[in-house]
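To keep things simple, chains are lettered A, B, C and D as they appear, and every chain counts its residues starting from 1.
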Amino acid sequence: MTTFLQQLFNAVALGGVYALVALGLTLVYGVMRVPNFAHGGLYMLGAYLTYASLTGLGIGYVPALILAAIGVALLAALMERVIFYPLRDAPHVSPMIAAIGVLFFLEAAVQLIWGPDFKQIPAPINGIVEIGGVIVTWQRLIIIAASVVVVVALNYFLKRTLTGATIEAMSQNREGARLVGINTNRVGALTFAISGLLAAAAAALIAPTLLVSPSMGEVMNLKVFAIIILGGMGSVPGAIVGAFLLSFAETFGGAYISLDFADVIGFAMLVLVLAIRPQGLFKRGT
Amino acid sequence: MKGWMWWVAVFALAALVPLFGPSGYVLDIGVNIMIYAILAYGLNVLLGYTGQLPLAHAGFFGIGAYATGILTLKLGWSFWLAWPVAVAISALAGLLLGLVAFRTKGDTFAIFTLGVGVIIMLVINKWDALTGGNDGLNGIMPPAGLEALSKSVGLKLSGGFYYLALISLALTVIAVARARGSVFGRSLIAIRGGDDLARSAGIDVYSHKLRAMMLSTAIAGFAGGLYATYLGFLGSAATGPIQTFTILLYLLVGGLGTLAGPLLGPALMYTLAQNLKGLQDYQYIVFGPLLVLLIMFAPQGIAGLWMRLTARRTPPPAAPPTQKEASRAGS
Amino acid sequence: MLEVRDLSVNYGHFTALHSISLNVNPGEIVVMLGANGAGKSTLFRTLSGLQRASGGSAKWKNTPLTGGTPEYNVAHGVAQCPEGRLLFPDLSVEKNLRLGAFVHRKDTAGTNRELERVYTLFPDLVQKRNAPAGSLSGGQQQMVAIARSLMARPELLLLDEPSLGLAPMVVEQVFAAIQRVNEAGVSVLLAEQNAYAALDIAHRGYVMESGVLTLQGTQQELMTDDRVRSAYLGV
Amino acid sequence: MLEVKNLGIHFGGNHAVQDVTASIEAGKITAIIGPNGAGKSTFFNLISGFYQPTSGSIQFLGQDITRLPTHDVVARGIARTFQTTTIYRELSVLDNAMIGHRVRTRAGLWDALLRTGRERHDEEESRAGGMAALERVGLAAQAGLPAGALTQEGQKRVGIAMALSSDPKLLLLDEPAAGMNPEETVNLMALIRELVVGGLSVVLVEHKMSLVMGLADEILVMHHGQKIAEGTPAQVSRDPAVIEAYLGSHAHGGQMGQATNGDAPAPGAVQLTKESKHA
């Protein structure tokens, strides 16, 4: 039972991080219809910017997280302007391939600047807490709390603010959005910025629990794509549900079936779902 | 000069290379380029001709390579038997993937196949008992008789491998050219223009896509078998998405949907990568932006640019060759 | 007033609009009649800034409508309620309406006032205000679409095929609503296939065939002109 | 030759086509007309096998083709074109036509790789079939040009040639005059007539009434997903139900003699109670 609860905590924390990364990806897909393969690169960069802010600038964990999030957000918006916007009318494989180019560029650039070795980011609060016999690290609690806060904030932004509504409006009807006077170019850039922000925040949150490396974005990339396909591409609730489905499958599959094959289980689930329901679990109407 | 005469000339020149007694290094680059080229030809069948972006390509390369390795090492088969069987296994695996994957289209197809690509790599990486896991497979032998044959004509084994790769490449080019120039191949081009249009033209889109997938993955497995016997050892890294993306880059540079592109791209990019020695680990600092610029400004690659230039220089042709198609998938 | 002078639109080699000139005076409902494919939607898309003109000009008061973007045209008093409605189906009715006032986003009080006004114009929408727009019936969705474009507080409303796919009873309601909108001071340019119903509420009208205006006249003149029928039925 | 019985399809709760029964005669030009959103295109997509109907049946030359996939429908002898000019612009005109002949050939991947006799035979036959189709539409001289280099009208003809080279008995044209200038439309009408004289049957969906009235032998009128009238152009254009569907009725009681508010519903007029969102 304790092991079970232990795993449950791990799964929730992991699911929170997956959700943050996947939400940005699904928003971008909804608004721009671009599967942004560079998204994992933004996540990875977020971890490195956090690391650099901590070690280079010597600032605290929270300011470092914020700085990294802002930096990556700006870069993502730039990417939209310079690459994806010009490619909006190109054949659909073009933006995908361009995004792959960006992913590798980011990876190589990070490796050039910070080297190929693993980096470690110290946890802001060390130690563990015991909750009802279950031992949890503070960092996991921070991850869970922070991801809840960010998801709630994002939800508030999308549902309660007019700017947030423009994002939803554009993903539901692009031309309708133009007709009410929404500048769809600006919304596109904004959505990319938000996706970068979320990815970097997620990276900064999870970084203290793992080793930071230039290739960490690749695996995450594949997982969040699996998540948004599972949830239905462009669907916000789908991304959250998909994130937890994957984290639970990985965590419990890893614990009770085989740790070696934890990653395989996630992708196998994806393949299985798609084989049965090619449109994902939450089909969007557009 | 007619199209096929260029090819004969290129292959004749390439065949002369070992006779001048080049270093093993030069021959090694040649073999690597040819393996990559074969792989790119396979990708081109699906991406360039059929308009589908499969991101599990290196996985099938891995299936061919590992099948060859396992059959020769663990079952003691001769390479000459294991290789064609490995090709068949890759084609069959491609069929299985296609049966499911072609229920999806466009972005979802790409991402779905990417997921499968990762699974293939992970399974190879984790299935220690069969694949050697992280340690990989070691000690795969060169093809039986290749060394003796090479010696008998005064070459080293590396020269023998060079010719083996060259013949394999020639076979691939012939196969792909024939497929493209056929009734079947025309239907693939039709599918590239859009499923609905192809359907209404009376083409059984699903079955054509499946066969294109099998040809594509068979060629990938063919390259994989060659790779296994040439290198002698296998690791799972060469079977993952990174490898797929690398081939994609090579193909784009060379020219998507062209017959020369899958050879030109690897020839140029692999050589370039070798010469950017200091940059080896960071080659994507250059290649990443290059990929972006290519897809934005020259989506037809070198072969496409060449065709556009020559087309402009010559007076308006009365009947341009039918193979001169643009690479864009939209219609 | 709306002044369209020699407006042309080409799609590649195809001429969709051929040197169209027309005007709409303040306070008028002017109907643009014509069969499907005559070029009405192209005209509307051009006036709202979605489609670039190939030649000629269109002005609302002194605002040029052909050079800019939809944002510009909406902000300068010309809103389009498009064919097919183009609502945001998963958003609530009220959110659709609030987004309609996007160009006045700094003026929350004004938007709230406007919201009350459109709810009095379309009382049916009040109880549906929190329902997703996509869940409404076709007629109600059309009401939402018109209301959304009114939220931009336009002086000129471009209404493209508001009766499309609606049952006659509902068409009647929609047209009554258009009349109320007009009485509230909004000029209306209405593209309609449902010629007689549209003429009932219009002051004047034009008939478009294959991208050319072939007929114009007052309500009475067009009502009794057989050429209107032949514009639709070809005989 | 084509018998449609109680055909219907709904997307979600929306009945795009409902309970349509009609028969299309061989050797004639049948036009399907109706106001925007009437379900014409959906009906068209049903008979060409693009959509699977949710009710009813379709028989072609006495055989049931209701749920056949599109390529089988083409093989049985029904070919279609698209509303927008969808052809392969980067391929030659002849290649476009040859693509349409695929359904009459059987050579597959193995034949291609091994250059079998069947491959050579099929290739030869595709070429001949493609050229024959190009001759029918008057493009034989342009066979070698890239299709994208042709005029809009030429590209339309390429689209028709692609359909013709599958050797159809029935040709479905989806808004053939869309995007065409008046003089091009006239040429196109002449072409369609020639094809019918040559023994082909044609069904077309079209908005341009001048084309429909001048060309069609039979007209089938749809409104709100249902058939509301059928007959010759003269009959149909006098039919009150059609006039009402097209021009609407007066919201507050009409002044025009013909289209009064429905005191005397025309025979065949449908009960317009169901709302339909246009598909």
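Quick notes
Basically, a residue touches a chain if its C-beta (ideal position, glycine included) is under 8 Å from a C-beta of that chain, and two chains touch if they have at least 3 such contacts.
Small disclaimer: the values here were computed from a predicted structure and weren't measured.
Centroid analysis (C-alpha atoms only) places A farthest from chain D. Distance between chain C and chain D, defined via averaged C-alpha coordinates, is recorded as 31 Å. Once the centre of each chain is set as its mean CA position, chain B and chain C turn out to be 55 Å apart. Work out the mean CA point of chain B and of chain D, and you get 42 Å between them.
Listed for chain B are residues 328, each touching two or more other chains.
Taken as a contact graph, with one node per protein chain and an edge wherever two chains touch, the assembly forms a single closed ring in which every chain touches exactly two others. Pairwise, the chains that touch each other are A-B, A-C, B-D, C-D. By the touch criterion stated above, chain D contacts chain B in their complex at residues 48, 50, 69-71, 74-75, 79-82, 86-92, 94-95, 98-100, 102-103, 105, 107-109, 111-113, 115, 119, 122-123, 126, 143-146, 162-163, 166.
Of all residues in chain A, those touching chain B in their complex are 29, 33, 35, 83, 86-87, 90-94, 96-98, 100-109, 111-112, 116, 218, 222, 225-226, 229, 233, 260-261, 263-264, 267-268, 270-271, 274-275, 278. If you check the complex, the residues on chain C that touch chain D are 11-15, 35-37, 84, 137-139, 141, 161, 163-168, 170-172, 175-176, 192-198, 200-201, 210, 223-224, 228-229, 232-235. Chain B meets chain A in the complex at residues 47, 51, 53, 100, 103-104, 106-108, 110-112, 114-116, 118-119, 122-123, 126, 241-242, 245, 248-249, 252, 281-285, 287-292, 295-296, 299, 328-330. By the touch rule above, chain A contacts chain C in their complex via residues 162, 165-166, 168-169, 172-173, 175-183, 285.
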